[in-house]
Amino acid sequence: MEIVIIILLAIGSLLMLLGAIGLNRFPDIFMRMHAATKAPSLGALLMLMAFAFYFSDMETSIKAIVIIVFIFLTTPIASHAIAATAHRLKVKKWDKMEIDDLERDRKKN
Amino acid sequence: MILTAILITFLSSLLPFLFAKAEKIQGWLVALIPTTLLASFISLDVLNKGNIVESNSWLPELGLNINFYIDGLSSLFIYLILGMGIYIFAYANGYMKNYKGKSRFYSYLIVFMAAMLGLVSAGNMILLFVFWELTSISSFLLISFFHDKEDSRKSALQALLITGIGGLAILGGVIIIGAEAGSYEIQDWINNVDTIISGKYSSAGLILILLGAFTKSAQFPFHFWLPNAMAAPTPVSAYLHSATMVKAGVFLLLRVGPIFSSTELWQTVLPISGSITFLLGAFFACVQTDLKKIFAYTTISSLGVLVMLIGIDTDLSIKAAFMFLLVHSLYKGALFMLAGIIDKKVGTRDIRLLGNLWTKMPLITIVGVLVLLSMAGLPPLIGFLGKEMIYEAKLQIPEVAPYMTFFSVLGNVFMVFISLYVAHMVFFRKEHKWPKEPSRAGISMAIGPFFLASLSLIFGLLPQKYIQPYLQSAITAIKPDHLDFEIHLWHGFNHVLLLSIATVAMGAILFIYHRSTIPFFTKVYHKVFVFNFSDQFFKIIDGFIGINKKIADFVQHGYQRYYLSTIFIFTAAFLWYIISQTWHSDFSIQYDSISWALAIISIIIVALSFLSLPASLHRVSVITITGGVGYAMSAIYLFYGAIDLAVTQILVDSLTVILMVLVLPKLPKLVTYTKAKGAIRDLLIASSFGIAMGVIAFMSATNPSTNKISTFFVEFSLSIAHGKNIVNVILVDFRGIDTMGEITVLVLASLGIYSLLKIKKTH
Amino acid sequence: MLRILHLILFIPYYFLMLLQSNWTIAKTILSPQFNFDPPGIVAVNIDLKSNTGILTLVNLITMTPGTLSIDLSDDKSKLYVHAMHVKNRESFVSEIKALENRLKKFLK
Amino acid sequence: MIVFAPIIIPLLFIILSLSVAKASKKVQQTVFLSGNIITIGVAISILTTVLKEGIIVAQAGAWEAPFGITIVADTFSAIMLTLTSITVAVVSLYSLAWRENNLNTPVFYALIFGLQMGMNGAFVAGDLFNMYVWFEVMLLSSFVLISYGSDKKQLKGTLKYVSMNLVSSFFFVAGIALLYGKTGTLNMADLAYRVREMGPELDIFAPSALILMGFAIKSAIFPFFFWLPDSYHTPPLPISALFSGTLTKVGVYSMIRFYALIHVPGDSFFTQMFLFIASTTMISGVLMATSQFEVRRLLSFHIVSQIGYMILGLGLFTKLALTGAIFYIIGHCIVKTNLFLLSGIAYKITGTFDLKKSGGLMKHKPFIAVLFFISAMALVGIPPLSGFFGKFMLLKAGVESQEFIHVASALFVSFLTLFSMVKIWNESYAKPIPEEIINQGFKFGKAPKQLIASSVLLVLITISLTVGSKFIIDTCATAADQLLNVDAYINAVLHI
Amino acid sequence: MNTTLLQLAAKFIRSIMLVASVFILLRGHNAPGGGFIGGLLASAGIVIYTIAFYSLPLLSKTLRTIAPLRIVGLILALGSGILGLIFGESFLHAQWFKLNIPILGTIDLSTPLLFDIGVYLAVIGVMVMVILLLMEDRKWN
Amino acid sequence: MITSVIYYIMAVLLLAMILTVFRLVKGPTTPDRIISLDMIGSIMLGLIICIGIIKDNSIYIDVILIITLILFVGTVAMSRYLTHNEKKKWK
């Protein structure tokens, strides 16, 4: 059991680190958001699982599940909100990005 | 009883308002007050029954008691104050006939009279100071009685400031000497002369007291307020600024004379300043054209004589001083009243316009000539006696006799000259430019000068009978072991008489050639005394205010950021000073296994707060960064196991972010105020303060108290407060009243937002 | 009934997608140079009508490899999706459509 | 239990005045005034109890002394309670008739009670952190009050006021934390006990200095005074009056209280510092005051200088000096408030606060002139008005401690105070209205009777300070005694 | 940005937050939590809901319901103190009552709990009122 | 065994935190900072889990619950603010 917990924790933390690296490496806000939403969500999921396993009592597990559900519910909405805002603010996009339907549609209107 | 009398006098200052309807005789009615007082004082009969001592305890632990002490000195002054008062009120009845605010005027005068009575009968120096200040204040009000005129206001301000400085000096001096003597009672001082004189600081105290006396008695270089004070209505000039208030300084000198007269300071400062004032006053009087100003300068000159005589401090000089005090009050009061009458009846006080008045007002002329002769010191008027005694007093001190005699002869020559000159110019010369045809003076105005002049004459003729006993008892108050003396109008053909004759002769010569002497004096005056004290005074005041304005503008520049940096600079400097005083290097901080994690988080916090500072960042970015700081802080709390704290921190942080986000659009555009140099300076200030706080925190963390009250909370939280969560138990139970205060703060804050947003703006 | 079955089946699928997406991200992040297909924002017409459906779709898109939902048009007919690697628009849109079809099985 | 009342009653009335927000104006005003009167009653009954029975101690929540929060009232606190409650009540009466700036709202009433609650709490707090909390209550109400009406100029002043006071609160709370780390206690009596037990070993200099700095900023002493003249003249006048009379006194109160507790006999460091600060504060305040022509600003500068007097008492730290300082606080609070109130009345009549533009009041309203003259002379310290006694005692104490420089500066300051008071008198009362103002169609306004009545009340109090000087000075002396006799305080709280 | 998704989430989040806040408030005496934290959480919930469903009528309606809570909170806090004064030895002296309810068993009722509820309500009232007032003023959604 | 490993995990998390802080400070745009803040929240969550395991106390999960709840609120509020003020000049 301990080993499982350790592995979960380790992967989780490495995912967070990965996200952090991505946050720094990626060239524009949208790319960074990929890094900042997916990796930490999974990382949090894994670490919370580890936490629940470590204590393995009912209350903690329920809370952990609630939190996980909550994270997976809110993260996309939050990222959606930020991304929309960022796009609307016309933050600088990566040069390589060619297709931008959103901008095209907005100009149309 | 005296206290009651004085209090009643103060209260009776309200009486004029009651008589306001009886406009025509208001002055006469008010004159009843001093009459009653005088009558009751005469009935006390200090002369035969001895000194009156009255003690009322007030604040004994401060040495502040309402003790009265009336001896010969006081009673002489009381006679003077009340006696003059009667005539002045009567005179004012006529003089003030056509002015508004008469009740106010009388009421001020009564306040002044009461204060003056208190001053001269006070037995406690602090009490004396209390009345002293009241005379200054009432004088201020009286000078600025015509407060619509800028001139009056300025003169009143000047007088108040000068006498105010003096008053404060007296307070300081009295406190210093009181500390030496252990009491403020004048009797205790007299009994402890040796202790006081040998005291370390008593010369400082004496200087301060002298300063006070000099300002009040218009000694050079504080003399200039007195001529300006002539802006007051004439009764005031006659009463306050010639007969009574200006004599308060002299009174004070006489009061403390027995204590200090043996000091060198006393014996040098007083004669010197007195003789300078005497001479200058007399000289200045010559070049004036305004009748009241002339008399004002001669008053200054006379006050100089008095101070000089007190400073010489021999039996004779004190005797002369008393004599002259009386003489001067009599003739100067009368002169001022006459000036007022002339001003009223002819419409001017300028001697260049006056003349030939004896044809129109013969009675006034007779009175005027009498008092002027008294001023000149001619027999058989009382003025002659005064002058004789002065000469005698001076001749009796061999060390300085030639020098002093020269001065006083010179001064008196001017006096004679002025008297003759004024008499000539006002009454006898033929040519005149009256603004209006002189009318007859009413009885109420004339009665004062008439009586005073006749007193001058009667006293001069029969000195032994009327004035000697009073003078005797006054002198005894100052020189207890002095010999009896007699006053005669004629006392033989001697040096003194010779000097008198010479004085009169020289004065007469000067007068005969007045057509050339006056222009000459004026020329000298303008050449030598380019320095006009009064103007300089106002210039200094203006300059002072100007400097202060600059200081105020410099200090109160209104820039928030510099205020803040000032605060931090001073605090940092202070803290560093304390650190340097209490420095010790044995920091013994406990480290444990997760200290490194804490260290990293701390570094993150520091770096974040550091980097959030540059103003180049956008505000929202600064908010996000401070949000990051908040999260990191809560991580620290968590490491220490303070879950409640961490949670609260996070919650508050997020809500603050929302609040800030809401408030931001309200703020004006971000402007970069600071240049690089300023930024570096700010950085230095901030880091110096921050490092100081850090060092202090380290020092406090060393050897912390082991006996903390928190151990109690930990131990007993569950057992006696029924709660496992110590934080919550502390919040709602152990220290519930704090929490109650904090929620009140919250509610008040909500009211604040409400009032800012919802309550209608004033504009 | 079938819906519930699909819902139950959906959960492991979702989880799988999550792992896969993380894998992709990791690969991208750790690749020395970013010389992959260029990113882009693509508009996708969606057929789902209910809010819950759209929410789930957005959620899913965000959690699936290489895609991130950015904005929803005001009439809820179009979803703008940012993708890290867009080879060409058509293939990308069909990918998203496939996802949506999966959701349609238990949502409106 | 009565010691809790100064806190509970205002809180109760905050609640009440907010809950009658929908009721008629009359009801609201009744609540407002009755709250003030009850607070006065409470304060006076505490004063009498303290004078009769000595220090009153109560433990909040019935937790024993160093652990719970102690509420203590000694004579000094009781005096301050009475003083501030009277001032607040009079200003409240005044504000009801002010009819400008929307002062007659339940929000305003609640804020006044909040201010009172904070001040009262600070006076009776026996616990440092509790004192901090009450300071917060007081400050927050004052923040709101000073911005009340949201004039643009006012908000500028508010900004300064708020930021400086926040800095001061920060110093205060940081000092408390460090002090707690060193001594392990927050209870003031316990703190004093530990300081005396451990003596110099317990180096609490730095934390104490921080706390004192916090108080110093609040009480606007050199070199931290600049926020005061820049902000006190901006809010609506009744609020300025209230602040000038009471708020800085709270800072001075806490300085005296705190210093008396941690003062170790023979320590010259703080004493010298206080003396120096006292002189510089006095002089800098009064110098700048002389150059002002805006009445409220002029008076604000004078507050600074007179705070210096109070600090002088603290620096000398003898019984006489403390008595003088406390008496000075009493006199100054009443008189300064009244001067502000009178400047408000003058504003109602002449329509300006600018001295140069005003005038003619002595002719037009001689009664107000009398009120002003008495107050101004009391402020200057013309005997026998109230300012004199405080000044005299301080000077006497200074001479007895042979601090002649400070005595001299006190005298000098008193002279300049006279100067600026006479300036107001000359410009605003004696002088006729300037020609050009009359030409602009000037007309005298009217001041409601209620405004004048509240000013008369304060003048009567000023006079009664002279008449009852014996009793009041005795009371102040008792207070000073209790401040100096820390052992009795410790004993009363901790029963050691 | 389209608020549909946010609204959907906001409803859900608000209910979670309110439930959590009450939970945290009630168990505050024995586990992390208490009135202050609970109040902050609840107000965050209400605020996110108003942000998502922004409209002026909603704002004023919420304001009207929430603002009096702060006064109620003060009354409760003060009342618990005065209860201590009446039944106990001193102001805020904690009083504990055991309440026997047939089905639920014994419930601890205490003045500290009452006080805590007061804090909770006051915090909600103030936080929500302040934020909503600002939102109303900014015409901000 | 966990107790010895947990420190390394914390070290990794802190490293991630430092990197994120880099981005937080660097920006360059506000949305960047907002996502960094979000990320810091997630990392905090990991840290709290570690602390909870070290302290052997399951109550820390409550903190996580509250963090996740409140982070969302902050993020949404800020992005709404940015949207609302889009017309203003933006750096």
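When the chains are written out, they are named A, B, C, D, E and F in that same order, and each has its own residue count from 1.
Throughout what follows, a residue touches a chain if its C-beta (ideal position, glycine included) is under 8 Å from a C-beta of that chain, and two chains touch if they have at least 3 such contacts.
Note that the structure is predicted; figures quoted are calculated from it, not measured.
Counting only chains that touch, the fewest steps needed to get from chain D to chain E is 1. Any chain touching chain B that also touches chain C appears here: E.
Averaging Cα atoms per chain gives one point for each, and the point farthest from that of chain A is the centre of B.
Of all the chains shown, the one with its CA centroid nearest the global CA centroid is D.
Averaged Cα coordinates give chain A a centre that lies 31 Å from the centre of chain E. Each chain gets one centre point, the mean of its Cα atoms, and the points for chain C and chain F are 25 Å apart. Taking each chain's centre as the average of its CA atoms, chain E and chain F sit 26 Å apart. With each centre defined as the average position of its C-alpha atoms, the distance from chain A to chain F rounds to 11 Å. Chain A has residues 21, 33, 41, 66, 70, 73-74, 77, 79-81, 83-85, 88 in contact with two or more other chains.
For chain F, residues that reach two or more other chains under the stated contact definition are 17, 30, 34, 36, 59, 62-63, 65-66, 69-73, 76-77, 79-83.
In chain E, the residues that reach two or more other chains under the touch definition are 1-2, 5-6, 9, 13, 16, 31-33, 37, 41, 44, 47, 71, 74, 78, 81, 91-92, 94, 140. Chain pairs recorded as touching, per the definition above, are A-C, A-E, A-F, B-D, B-E, B-F, C-E, D-E, E-F. In the complex of the two chains, the chain D residues touching chain E come out as 1, 4, 8, 11-12, 14-15, 18-19, 58-62. Residues 51-52, 54-55, 58, 71-74, 76 of chain C touch chain E in their complex. Taken together, the chain A residues at the contact with chain F in this complex read 2, 5-6, 9-10, 12-14, 16-17, 19-21, 23-24, 29, 32-33, 36, 40-41, 43-44, 47-48, 50-51, 54-55, 57, 59-60, 63-64, 66-67, 70-71, 74, 77-79, 81-86, 88-89, 91-92. Of all residues in chain E, those touching chain A in their complex are 1-2, 5-6, 9, 12-13, 16. In the complex of the two chains, the chain A residues touching chain E come out as 66, 70, 73-74, 77, 80-81, 84-85, 88.
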